[in-house]
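Chain IDs A, B, C, D and E follow the sequence of writing; residue 1 opens each chain.
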Amino acid sequence: MNESLSHIFVDALLINNFVLCVFLGMCSFIGLSGKFSTAWRMGVSVMFVIIVSSILSYGTNLVLVRFHAEYLRIITYIVIIAATVQLTEMFIKKTSPALFRAMGVYLPLITTNCAVLAVPLFQTSRNYSFVQSVVFAIAASGGYTIAIVTLSLVRERVELSDVPSLAKGTALTLVLAAILSMAFMGFAGMGNGG
Amino acid sequence: MTNSWQMIRLLGAVSLLCGLLIVGTQVNTAARIRSNQETIMRESVARLLPGIEKQIVYGIQPSGDLIILPGIEVSGPRFFAGYDAAGNFLGVVMEASERGYADVISAMYSYSPDTRTITGFQVIDMKETPGLGNKISSDLPFLENFKHLDATRPIATVKHGAKKNPWEIDAISGATISSRAVGRMLQKSVAEVAPVIERNLDRIKRGQ
Amino acid sequence: MNWLSSRSFSQGVHVPEFKDATCRLPIRRLPFAPVLIVPLSQHTGAPAVSIVREGQEVVRGEPIAKAGGFVSVPMHAPATGRVERIALAPTARGDLSPAIFIKPYPGASQEILYGAPQDIEHMTPEQIIAAVQETGVVGLGGAAFPTHVKMKLPEGKRVDTVIVNGCECEPYLTTDHRVMVEQPAEVLAGARIAMKAIGASRAIVGVEDNKPDAIDALRKAAAPYTNLTIQSIAAKYPQGAEKILIQVLLGREVPSGGLPSDVGTAVFNVATLAQIGDLLPRHQGLIERVVTITGPGVAKPGNYLAALGTPLRWALEKVGCNAGVASVILGGPMMGAAVGSLDVPLTKGVTGVLVLTSREVNGSRKIYPCIKCAACVEACPMHLNPSRLGLLARKERYEEMENVFHLNDCFECGSCSYVCPANIPLVQYFRLAKQMNRKRKAIA
Amino acid sequence: MKPVIELRTSPHLHAPRSVETIMRNVVYALLPICAYAVWLFGASALALLVTTTAACVATEIFICKMSGRESSVGDFSVIITGLLLGLILPPGFPLWMAAVGGFIAVAPGKMLFGGLGFNVFNPALVARAFLQAAFPVAIMGYTPALAVHRLSEFIPTTFAIPLIKAAPLAGWIEKTRVDAFSGATPLMLEKFDHVHSELWPLLIGQRAGSSGETPALLIFLCGAYLILRRFMDWRIPAAMLTSALVSSAAFYFSDPSRYPNPFFMLLSGGMMLGAMFMATDPVASPVTPLGIWIYGSLIGLITVLIRLKGGLAEGVMYAILLANAMSPLIDNVTQPRSYGARGKEVA
Amino acid sequence: MNQDQPTCHSASPEPSPSETFVAFTAGLWKQNPVFVMVLGMCPTLAITNSVRNAIAMGLATTFVMASANAFISMVRKLVPKQVRIATYISMIATSVTIVDYLVKAISIPVYKALGPFIPLIVSNCLTLERAESYAGKNPIGKSILDGLGMGLGFTFALTCLGTVREVLGAGTFLGFPLFGSNFEPWVLFLLPPGGFITLAMWLLTFTLWRERSDKRKRAREAALEKPVEIAS
């Protein structure tokens, strides 16, 4: 199906939000959403890596298809992601030590963030064109960032309240995520109503 | 120096091992996967065209011509023609998809070029709301719509209980969006494929 | 009320005034107590140093202690009598501090025998500042900061406008109100002395519009002077706070952690200036002040001219206390502190004595969790976020309060606690937080 | 020990308004709406309101007891949650589901976060969203207003057996309807069938809908009472209704044949109830002056977008929940500039 | 999380067989990857709306973990530190690709139901975590057992979630209707929020259970210590 760019964008950003509706990038969503300062850095790093690796894997996929080597997709994609992460890390370390201090810890974690691997996989299985892939990568990683940043601020706020000791920790985070996810259900069918 | 050389050698060995394993698996499973996919398709088509014994997959070229596809590997514009044991033409089965409430709904439907009606409809994949939208695959009164759906006119979805004409689809109450998506999908697909079938009907009937 | 023409500021709260009981009563004199307790530290800064011995005879108005440094002022004998002893006396803060106990002679006159006229017109600013220090005048609005220190500008700072603070926005208190009504000439004289000492070209007297008689009296007295303006401003709490008043009158904002002189102004309380205007030409010292003694627990509320050092218990006996006194507050109800003992003396910084009965002091108000109604955010004159500060304080995140939420800009006006529907003791939290931060820094 | 210290610190005066009076007055303001709902939709609406309130109160008492806290029912906030939940469910909603909703509202929606003042989301809306997702069919079971036997008999779905599918409503509606009724609210008619509704019935609430969301005028007046007595922040409803009006007007004037009249948007669905009683929940809304305006406008805008562009007919609930989620962010970016901060930067 | 293991060790009377046994059972319960370590969240939440899918996903992960652990343990002494992660990831990716094809060959409907989550096993933090902390340090037999144990523990957790979600959300278990056709399903549990809620409920249950068992353990220890004190 030939999807319009705006639709791909809204769909990946809100309707089928990567985190809240498709359950991708869960570990970091739960583990790194405790502090706003961590969350936004993680969000930005993920956005960068997703967009770069999406572009790289689009090109790689063309090569794989050309040589009928689709069975190497998973392994090449993960290598591309690992390489992107590694190169980004080195690049930031060289150019901006301050930025590296801020982001450095989060970058290696991105390799095992399934949201990052999911983007190239989805864009391949959905036969997106290059432009569609880029839009999809931006929207999907943007959706991830929105979710993790929102959750982190909500959690910072909850930190100031008297949460019963039993519920502290992951369970409470999950309940918050559940309510957020219910709220995102309001976007279902967006752009398709008329 | 020796250290990096050692590293490269090791990585090479690892890649070789991985490559061998992957290729081995791929080679060993390819036939099985293919037959699995064929079976599923065949079963879906058979469910829509009862009494089918033989089926041909036609691909539609950009020029509008038909070619017979070797199997179901090749995606793109295509349809299935079904024949009974005696080789009589039963009808065609087409694939269609459309955005529903939650995500894309993809479906198959059978179409009779002789009467220009849709004779059956089956959802293949969807993520519609359980209990509401997902009734499009199970709600019997709704599926009743597609036993004889007139496709000579633009197919339209009307609200529950308001169906008056044979080309209208009676929507599921409370699942308007999903029902409409089905109507839109059929309407678009028929408009696209029916003329091609019409033009090549003789050839299809002969099974060439 | 001319509320249309009155200026005001955007935040703050409207507090019931409770001023009717005393605002029309003329200032009356309290007789001498059997013993007057003159603490050596009635002001901000170094304590004064006693220059009398036990048993020495002193004359009313005579210096009995000299300033303990530049940021310090001398003390003068409030009555003619004998120095009974020099010993520790309880203070309103709750601790003990050295004080001179003076036993006035029975029948000692209220007349001030000490002092001689001096010519202000021909004095240099430095001489005026020195003379002001000799009078022992400190900020009589409650801060008790030595006035001459305020007049001595830091290097490189210039002040163009003297602001005279006649707001008296605290409920119940009418001290400044009566001073403005009864001594407008002294107030303006003091303002002119301050202008001369500082080198300012004009002075603005800001008076809240709930005191029309004070505005009238001042305007009449100011008629001959072109560089003195009387500005009526809409009544609102805490308009009398220095920084707020500067913003209302001049539209200037004192930088966080800065002083009024950073924006070219200096602020003096009306009562302070009235004393300077009165004492300086006669070269006398500050020995008495006007104190509003009021509240539901007082039988004869009013404004009383009390000799400094008058014990609180004695003053309250003189004005009569009703049954059921629950709390005695020095200062106004919004920022004043409740005293733990009635044996403390009235000092230079005491603007009023408020006696509340158990009906007003209802300790059983239940504390609810913060419902984030934002009333405090709208009330805070410093535009802080007391709601968030309160939540952080509950979790003892004091550093974050200071670094992210500007805790140190809070001057504890009490507006947030006043409006809080959940009765959260916000100001108390903030005091504690500041204390903890100071302690932490001291350790570090 | 503690109260003695509190006695001794300033300020010694206190404004008369307290949490308890605020909450009590919100309950008063909700009662006329409840009464009108019972008159419009009959005995079932009454049973629904009683059930939700009882379920909420019972849950709160139970949790307080379990966690060894002092019962917090006395602050009335749980009663507000209960009444609001009843008002935003369809009148014939099965009572057992309503009771589940009451539990969800209070247990995970409020007490999990520490009770009053700490809930991140509006508890009643959390429960409504839960029920909407859990029982999408039952929550669409709207019945007509002013049905003939409404006061003497219950809507059959009301007493559906727990965990068992409720019988379809069509038969009952057939029997009691006063005029043609399609089982849809005006918003659903507008969205899915392009049937326009008159504004007057929307204003006085004689239409299908959730039990308490229909009488726009009455809800407005009850909200106005709270605003005038300063128990509620006027800026949130003002921002929300204005932004809804402006954004829907933009749609309307771009294509009047396709999009509904902006005033229809204001009066239909739960817009008025949401603006007056849901979005104004102080706990889940920002505290900064600018933040409050942003928050209100955001709700209005998202509501209109969901209604006109989304898959659902109604979007107020989701809009408020989303804005609740955003309110810590809004609060953080709109911290007021403290007095003197500008000078500090220069210095 | 890891301090559980030493206590297990010291508690066991015969070291060698029980050690192997511990390697296997730790993942099942004491160090359950989902309920205790909170790892591998994506499939835990996404693929548990039916028991069948949950088990299939769990088994696929188990296979990947066992085989990846085996490979990694094999080469663990040869791999220099710098390229450790890269090697591990390629090993895991290889296992995943194999599983991907195997599942497709076994059943297309199951493959479709698991969607993108089979390839995504690669970036499941659980697999890399075990590779790093166990397979990279232990002999091959134990590593395989660890992979199997962890994988089965993962499967167990997924099945727990799947059961709640399928029973409440559809009224069925493994596709068999449990309550008859009149059951009103709680559709929510099949939707994304249901995944979060179900996991939250399980975690709460686990916390409660552990708290109670801790309390009991402490009580027992206290009871044991008392007489000793009296004696001394």
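Methods note: a residue touches a chain if its C-beta (ideal position, glycine included) is under 8 Å from a C-beta of that chain, and two chains touch if they have at least 3 such contacts.
Note that the structure is a prediction, hence the values are computed from the model and not measured.
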item	value
Shortest path length from chain B to chain C (each step joins two touching chains)	2
Labels of chains that are neighbours to chain C and to chain E	A, D
Pair sharing more residue contacts (C-beta pairs) when A-B is set against A-E	A-E
Farthest chain relative to chain D (centres taken as mean CA coordinates)	C
Taking each chain's C-alpha mean as its centre, the one farthest from chain B	C
Centre-most chain [mean C-alpha coordinates]	D
Separation of chain C from chain D, taking each centre as the mean of its C-alpha atoms, in whole Å	50
Between chain E and chain B, distance of the C-alpha-averaged centres to the nearest whole Å	37
Intercentroid distance (Cα basis), chain D paired with chain A, Å	33
Distance from the mean Cα position of chain D to that of chain B, given in whole angstrom	44
Residues within chain C bordering two or more other chains	369
Contacts with 2+ other chains: residues of chain B	18, 22, 25-26, 101, 129, 131-132, 177
Where chain A touches two or more other chains at once, by residue number	71-72, 75, 160-162, 167, 172, 175, 179, 182, 185, 188-189, 192-193
All touching chain pairs, where touch follows the definition stated at the start	A-B, A-C, A-D, A-E, B-D, B-E, C-D, D-E
Complex contact set, residues of chain A against chain D	36, 149-150, 153-154, 156-158, 160-164, 167, 172, 175-176, 179-180, 182-194
Touch list for chain E against partner chain B, complex	71, 75, 78-80, 82-83, 86-87, 90-91, 93-94, 97-98, 101-102, 104-105, 107-109, 112, 169-170, 185, 187, 190-191
Residue ranges of chain A in contact with chain E within the complex	20-27, 29-31, 71-75, 78-79, 82, 111-114, 116-118, 121-122, 125, 166-167, 169-172, 174-175, 177-179, 181-182, 185
Parts of chain A lying in touch with chain C, wherever the complex brings them together	159-162
Residue numbers on chain C that touch chain D, as the complex places them	13, 15-16, 171, 243, 247, 253-258, 262-263, 327, 329, 331, 333-338, 340, 354, 356, 360-361, 363-366, 368-375, 377-378, 381-385, 387-388, 405-406, 409, 412, 414-415, 417-423, 425, 427-428, 431
